[in-house]
Structure formats: structure tokens, C-alpha cells
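In what follows, structures are represented as C-alpha cells.
Heads up, the next two complexes both have chain A, just with different partners, chain B and then chain C.
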Partner chain A sequence: MKAVEGAGSVEDTDAVEGCDAVAARGLNKHFKAHHAVVDVDFDVPAGGSLGIVGESGSGKTTIARMLVGLERPSGGTITVMGRDRSRPARGARERGRRARELQIVFQDPYTSLDPSQSARAAVEEVLRHHGRDLSLAQDLVDQVGLTERQSHARPRDLSGGQRQRVAIARALAASPKVLILDEAVSALDVSIQAQVLNLLADIRAETGIAYLLISHDLAVVRQLCDTVLVLRRGRVVEQGECDRVLDDPAEDYTRALREAVPVPGWTVNA
Partner chain B sequence: MNRTKHLWKRLNTTLGRSGMLSAAFLAVVLLAAILAPLVAPADPNQSSLLDAYAGPSGAHLLGADGIGRDLLSRLIFGARTSLLGPALVVGVSLLLGIPLALLASWYGGWVDGVIARVFDLVYALPGLLLAVLTVALFGPGLTPAVVALSIAYIPFLARIVRAAARQQRVSPYVDALAVQGFGVLRITVRHILRNIVPVVVGQAAIAFGYALLDLASLSYLGLAVQAPTADWGVMVSDSDALLKGYWFQVLAPGLLIVLTVLALTVLGARISGEKPPGYLRRKRPAQTAAPADASGNDRTTVGAAA
Partner chain C sequence: MTAPLLELSGLTVDVATEDGGSRTLLDGVDLSLAPGEALGLVGESGSGKSMTMRAVTRLLPRAASASGSIRFEGADVLGMNAGELRRYRDGGVGLVFQDPRAHINPTRRIGAFLTEALVRNRGVGRREALARAAAVLAEVGIDDPQRRLGQYPHEVSGGMLQRVMIASVLLAEPRLILADEPTTALDVTIQREVVAILDRLRRERGMGMVFITHDLDLALAVCGRVAVMYAGRIVELRSADTLHERAAHPYTLGLLGSRPSIDARAERLSAIPGRPVSAFESGPGCAFAPRCSFATAGCESEPPAPTEFDGGLVRCARVEEIHAARMEAKA
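Let's look at the complex of A and B:
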């Protein structure tokens, strides 16, 4: 697999060096009366990877949407590559710069691609938008492991795994420093999941990109992440090294999450 | 060569038999309208009283009207005015309606609320009534009628566009594009609008048919296209012919109106992805086909009556 030059390199010289890729402090989000995210703090070191786990409705996706600017935080600050993004971006320049810092791959591969755009067209559109060389499109398509034929096909002719590869290529086309994977492999079956996870691990090794992985699947988090954050009802329950938290959880909730994972010999308790 | 063949095959599968037939009919009408001076056998306004109400013959293929004008030529030239009016109506309402619909679907919230209510308000006004009012104010003619109908047709088109665009708007690919830093205008025009083109074109074709009918009605009433000009609506209003028993001079333009509107409606429905109406082929269930039972008129079940 070929590495994409420029991805993960320091293009924006005004980025503050030596700081965390993502830093969230006192993050809060209210949806009317519902307090979806409560005082969440976390850091993703540059080139590191943080997993956010928790049950459905625990606020994982809300955090991701606030980070990429699709939701506005009710309180707290978000800093990406040393720059604050707690407020919506002003102007096309600022939007473009934020896009080159942080990208996201969504959960549902069936709706996260424009149905009338081939993989190649989608990647090229992003490259053009960020003023990057169009010849990188071929490298990106190769990097995510799409064949020539697949890269020219419409999303409806691709499988779920192939579509998710397209979504990853499109996100990488902006050469972000951080990639959010919002349940990015949850909709895929287990063997395809493993392929995509290996792909993500390879990309990280090649580009030094930081990951923020959102998942309810502890095995996925364990495979890809250094640190993990356990979320429950919008609050951080436990946070720390991946192996420590998942092998020897200090909190009951984490233990419950861990015990809910089916393993060999697992039976349903009556 | 192979490409044209492929395109033809795709067209055939999307449109189906009825859709292809409609498209072919419309193509013939459109071509005749555009090439009218070339195809029409005679001047549509050249009258010769000797040929008044002449039957079909070598000189007049479809016969002649009350003052001896060639009927076929009048039908062909009539296609021009009859198609131009609706084209203007649909064009203007799309031009005004699409931006409003996209605006409403993008921002949602109160913007959507206000625009949707305005659409509802205009939708509640009958287009013909609005046109009659406009004509009463500005005098008869094609322009006031077209302006009034254009306004009346905005919600007919824009409501569909808004609903379709809304569906795209909430799709994650739009979020992904926004995260990439693309602007609102680019996302709506290059992505959302492009994905709803079939819906827009289909609805526009249906609107075209209705507008044709409305303008023909107004011309029939003498409010839009004025008498000497060849126009299907004007030709249908030739009551003199009807009174004298020459039905064909009135039936022919009427038939053209009906067929054109029908073809547009069928084509529009096929383009926007509707399946051919199954009820035409399905056998009716015996129960509903049976009339009220012999003993009387009430088919309510006993329990319900009590």
C-alpha cells in the first residue's frame, strides 16, 4: 500500500506545535431539557488515538458532531491543533482550515456518500477544494484499497465495506491531522470490519494521523486505541490507558460494559 | 454507437412503454411547433370563404374552419402559442420556486416555516381565479395570464422540491460535505439539486401539462391568446362551428390538448420514478365490484348498524 505524501504532514504552518491534537474542556450540550453531554474533558495527543465507548444515547455522537462543528456546544471549549473551535467558523477560509485539521467518517456508509458521485469524483472534489494536487486521488484510492473499477462506480454499486473505504478516502483527501471515526465500522460485518480496522491501523502507521474512535464495541477500541474514555449518560465514567481500563476497570459501569461482550463460553444469564 | 445504444436502453427501462410513447408524441408535437413554417401546408391565417367548413381533401388534409383557413396548418401553428405559454409559466415558477425551496430546506426552523406557509397560502388560491383577476386588472393577453399562472404554479413545484431537498439535507453526506468546508451554495446546487433533478423535471412536466390546460381554458374564455392567432384553446372556443354541427374543427384541437397533457403527466410521473399505475391491470376484488346487495342499499355490517 502506498503512503499518501502530504497527508499528516504539517501544511498549515500556523498550527501551534507541541500541543494536543484535540483538547476538550468542560464540554456541555443541552438539547432543550435534555443534558446530553455533561462536563466532558479529554485530550487526544498528536498522532495518538482515543476511544470513546458507551451505550446508545450516552452522548458519543453528540461529542463528535460538536468537534466537527455540526453542533454548537452549550458550554466548554474545544481546541483542535491548538486552535479554538467552540464557535461556528466564520468565512470560507476558516471553514477550509478547520476541515484540514479534523475530518470525520460517519456510521452509515449507505447515506454518507453523494449517490450521484463516484469515489474518484468525491475525492477529487475535496482535493480541488483544498487546493491539493489532483494526482493524489489515485494514491488515496490505492491507499484505501479500492480497485480502479470500484473507484469509478456509483455508491449504489458498491458494498458497505467499499463505501466506507470511499468515505475514508474522502476524509483523508483533506489531509487532516485528526480523524473521527463515528461508529465507522459498526455497520459492517465482522470480516469486513477487520479489514477496515487493519486499513485504519496501516494509515495511522503511514501518516501519523490521530484517531478519535467512537464505538460501542470494546474489541474495536482495544485494537485501535491507546487511551479510552467511558461515557455514560453524557458523563465521563472512567478514562485512561486502553489496556488498564478494559482489563481492570475501576468502575462498575465499565465492568458491566465489558461483561456484556459475548466471549467463548458466554451464556445468557437467566 | 455503443454509447447511444446503452443510453437508449437505459431510457427505455426508466420510462417504460407508456413513458417512451409519451416522449415520442411530445417530440413530434414539439418538432411540428418549431418547424411550423416548414411542415404546415398552408398559411394558418389565409382564409378563403369558398372552402368554409370544407371536409378533408387534397387541398386541406384535415379540412378547413368557418372562414376557410386550413385546419392542419392552424393546429401546427397553434402548437407554438399553446406550448410557449406553459413553457414560460413553468420556467418562471421554477426560477422563483427552486431557490425558495432550497432556502427553506437548508435552514429549516423559522425560515422553513415562513416559506412553507407562504407556499400554502398561494397554493390555496386557484390559479385560474388569479389569472382572471389579473386579466381584469391589466386587460386580456398572454402576458398577464402567464404572469398570474407563474405565481400560482410556484407552490405546486416548490413544495415538491422542498420536500425532496429536505430529505437530502438530513442525509449524512451533506454533513460530510459541510465538514469538508464546502459552502451552502455549493452543497445545495452541486449536490442536493443534482440529486433531486428527476423529481424536479418530473413535476415540471406535470405542471407544464396543467399550465397548458389552464392557458387553453383562459384562451377559450377569450382572456389569454386573442382570436385571430392560431391557438388550441382559441380553436376549441369556435362555437360557431359547433352550432353548425362541424364537430371536427373543435374536437381536433381539444384532442391535441388532452393528448399533450396526458403525455406530459405520464412522462413526468415516469421521470420522477413513479411506477406505472398497477390498478389498471389489477383485477378488482369481487366484493367491491358487486353493487349494493339486492335487498337494499345498506352494506354496513349488522354489528355496526346496532
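Let's look at the complex of A and C:
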């Protein structure tokens, strides 16, 4: 597998050096009276990998939506590569820059890809938009393990795993420093999920990109992440190194989450 | 040896295509379930696990046809007439689906949903039916059942609604429960509660259960025996408590290696190359051969027969050689 040059490297001249890839401080989001995210702090170091785990309604997807600018925080700050993005981007130039800092891959690639566009065309469109060399498209398609034939197929002719590879290639085409993976492997068959997890680990090792993985699956988080944040009803339950939090949880909720995962020897009655 | 509750032999499902041809979805499934037994059906997309359940309940898509035999308490399910089929579905088998919101009428109260079958099919009085519904809601661990009966589906959580669905199945007092990914849409802590309820009720009432899931470890926890399906066939069948140590089919081994562990990070997951296929996409031989690292030329031409191996049933022509090679590598 060949790494695509430029992916993960610092391209923009005004990027802030030596800062965390993502930092959230006192992050809050209220929807009327509902407090979706309450006083959340976290950091993703450059090239690091943070998993945010939580059950339905924990606020994990709201955090992702604030990072990509689909929701505006009610309070607190989020910075990506040291630059604040608590407010909407002003102008095309800033939007472009934000896109080159952070990209997202959603759970269901079928609804996030243009049904009329081949993988190749989707990747080229992003390259063109960011003024990058179109010849990189081949490398990106190779990097995510799509064959020549698959790269010219429409999403409906691809399997779930192949579509997710297209979504990853498309995201990498902007050469982001951070990739948000919002339940990006949850809907995949087990054997395909393993392929995509291996692929994501390879991409991080080759490019130094940082990941923010949103997942309900503790085993997937452990496989892909260095650090983990456990979220419940919008609040941080605990956070730290994956090994420490998962092997020696400080909080009952983390322990309950972990014990609810079926493993060899697990029985249905707690 | 008691008579089986459910017995499938050579169950095959073909679906007609628009161009006049046909595609095989299930290819010769043999399975036997004793009364009160829990059996897991595990597989990926296209493996045929849900199609097996639809065939058992005669809920196949219009274009599909089943052959082979399905026997429920000795009765031939494929040969049932409309009246027999109604009685079989009413009190014989109960179905629990993945997404209760898609299967419960959102415009009617939970009480109306739960009592409809009792009132219409069995002539139970409305008041008596509501009392029974409240009792069953309590059995599935729902507090304040009276209040729940008056609520609409959108007013309760997904986990609660799945309990309501289980309660509706219990009201019909079936001898067999077919649960198709009943907890896949639920949070893990809720999943645990729901499978514990299914397990307890199955034991208390002596019901048989076929538990369909993509999660091998969940099936092992819930079931006594587990059948692993691939491309419309059962490729391995063994008791749940020995599957981890004795898994012998390369596909089962691949599934076990693919799943990340919660206890430790793997340097690399031993992913199976390629993607899962359906029965009609596979060649004349073993459907798994194109993805199998042990496959030889013979595997792709000759379909393997199920053979007894190490206490289980395995459908792999090279199972003994593969087992020997693995044992040698381990030693």
C-alpha cells in the first residue's frame, strides 16, 4: 500500500505549529431545554486517535456535528489545528481551509455519497476543489484498496465495505489533518469491518493523520484508538488511555458498559 | 431422544429473477431443534440466516419458493393450508424482529397492539385481554404496565418497545420463538437486559428459540448450539461452549479472528479477504473457497459434504488437514 503524499502533512502556511489536532474546552450544546452536551473537554494530539464512546443520546454525534460546523456550540470552544471553529466559517476561503483541516466519514456511505458519481469522480471533485493534482486520485483509490473496476462503479454497484472505502478516499482527498469517523465501521459485516479497521490503522501509520472515532463499540475503539472518552447524557464520565480506562475503569458506568459486551464466557445473566 | 420441535431438511429457497431465471438463496439447510432448546444462526450479509426464518414462517417474498422440508412438531409446514398456517403462526411460532418501530403500528396505543390478537383470534374479552397484557409487560420487566398500555410507540424508548414486542409474542404462548437480530439496534446495556429476558422466559416456559445474529459471541452466550452460515449453507454447527476452542471451518476461524477484542489491541486483525457472497454468486464448489487461505483447486469444483469433526458438524473438504496444520503451528 502506498501513502499519498501530502495527506496529513502541514500544507497551509498559517497553520499553528505544535498544537493539538482537536481541542474542546467547556463545550456545551443545548437544544431548547435539552442539554445534549455539557461541559465537555478533550484533546486529540496531532497524529493521535481518540475514541468517543457512549450509548444513544449520549451526545457523541452532536460533538461531531459541532466539529464539522453542522451545529453551533451553545458555549465553550472547539479548536482544530489550533484555530477556533466555534463560529461559522466566514467566506469560501475559510470553509476551504477548514475542509483541509478536518473531514468526516459517516456510518452509512450509501446516503453520504452521490449516487451518480463513481469513486474516481468523487475523489477528483474534492482534489479539484482544493487545487490539488488530479493524478493523486489513482493513489488515493489504491490506498483504500479499491480495484480499477470498482473505482469506476457507481455506489449502488458496490458493497457496503467498498462504499465505505470510497467515502474514506474522498475524505482523504482533501488531505485533512483530522478525520472524524462517525460510527464509520458499525454497519459493516464483521469480516469487512476487520479489513477497514486494518486499512484505517495503516493510513494513520503512513500519514500521521489524527482520528476522532465516534462509536458505541468498545472493542473497535480499543483496536483503533490511543485514548478514549466515555460520554453519558452529554457529560464526560471518564477519559484517559484506552488500556487504563478499559482494563481498570474508575467509574461504575464504564464498568457496566464494558461488562455488557459479549465476550467468550459471557453469560446473559449479570 | 424427544421428537424435534422444528426440523429442516434440505431446505432450499430459490427466487425467480425478472429475466425468467432463478437464484438460490438457501441451499440445502439441515437443522433440528429440540423443545426448549436455543439455537443460534450466525452469519454475514447474504448468508441466508434471515431467509431461513422467513421460510420457517412461510413469509418468503412473492417471487421465492421453498423446497425440501420444514417440520414443526411433525407437521409439514410447506404443505399447510390457510387455516393450519394461521393456527401455526398464531400459537406455534412467534417472531421478534430487529426494529420494533417498523413492526408496531405507530398510530395505536400499546394496549391495543398487545390485545388485538387475543380479542380477534381467540375471543378473549377486552378487559381480560388487557389484564393479561399488563401481566406480560410486568414479566418482561416493564414497570408501571398500566400506564404503558395507554401510551403510543413513539412515547417509549427502543429498548422498551422491543420488550413490548417480546410481550406480544408471549401473549400468543408460542412453542418456538424466532428472534431475528432482536438486539442489534439497542445499546449494549439494554441488549444485555433484553437477551436476559428472552433467556429467562424461554427457560421458564420451555420454549424453543432460534436466535439470529451477526454477533458470534452474543449467540454463544444466549444459545446452547450455534450454526454458522455462509452463502446459504450451514458451514459449521457445534455446541456454544466448545466453539471458541474447537472451531474448525476456515470461515468460523476467520470470523473469530476478524472481531477486535475488548481485552487487548491486536497488532493486526486477521481479516478475511474479499466480501461475503450469496448462494447464487458462488461457484459449483465450496462458496468460501475464493476467500479461503487453505483452498485448493478441488475446493472450487466439488461442494463439500457436512462431516462430523471434533464433536461438531463441519462443511469443509480439507477440515482434517487444516486442523492438523493448525495444531502443528500451535505446538
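By definition in this document, the second predicted complex is superposed on the first by the 269 of 270 C-alpha atoms of A that agree within 3 Å, B and C clash if a C-alpha of one lies under 4 Å from a C-alpha of the other, contacts with A are read in each partner's own complex, and residues count from 1 in each chain.
The criterion applied here is as follows: contacts are C-beta pairs under 8 Å (C-beta built on N, C-alpha and C of every residue); 3 or more make two chains touch, one makes a residue touch a chain.
Keep in mind it's a predicted model, so treat the numbers as computed, not measured.
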Fit-or-clash call for chain B and chain C when the two complexes are aligned on chain A: fit
First, second, both or neither for A:161, with chain B first and chain C second: second
Touching partner for A:126 - first (chain B), second (chain C), both, neither: first
Touching partner for A:114 - first (chain B), second (chain C), both, neither: first
Chain B versus chain C as contact partner of A:92, first or second or both or neither: first
Chain B versus chain C as contact partner of A:262, first or second or both or neither: second
A:31 touches, of chain B and chain C: first, second, both or neither? neither
Chain B versus chain C as contact partner of A:218, first or second or both or neither: second
Per-pair minimum CA distance [chain C against chain B, superposed on A] in Å: 11
Chain B residues touching chain A - in the complex, by the definition given at the top: 171-173, 175-183, 191, 194-195
Sites on chain C touched by chain A in the complex: 44-45, 158, 187-192, 195-196, 199-200, 214-218, 220-222, 244, 254-255, 257-266, 268-273, 275-276, 291
Sites on chain A touched by chain C in the complex: 55-56, 159-162, 189-195, 197-198, 201, 216, 218-220, 222-223, 242, 246-247, 256-258, 260-264, 266-270
Residues of chain A that touch chain B when the two form their complex: 68-70, 89, 92, 95-100, 102-104, 106-108, 111-117, 126, 129-130, 167, 170-171, 174
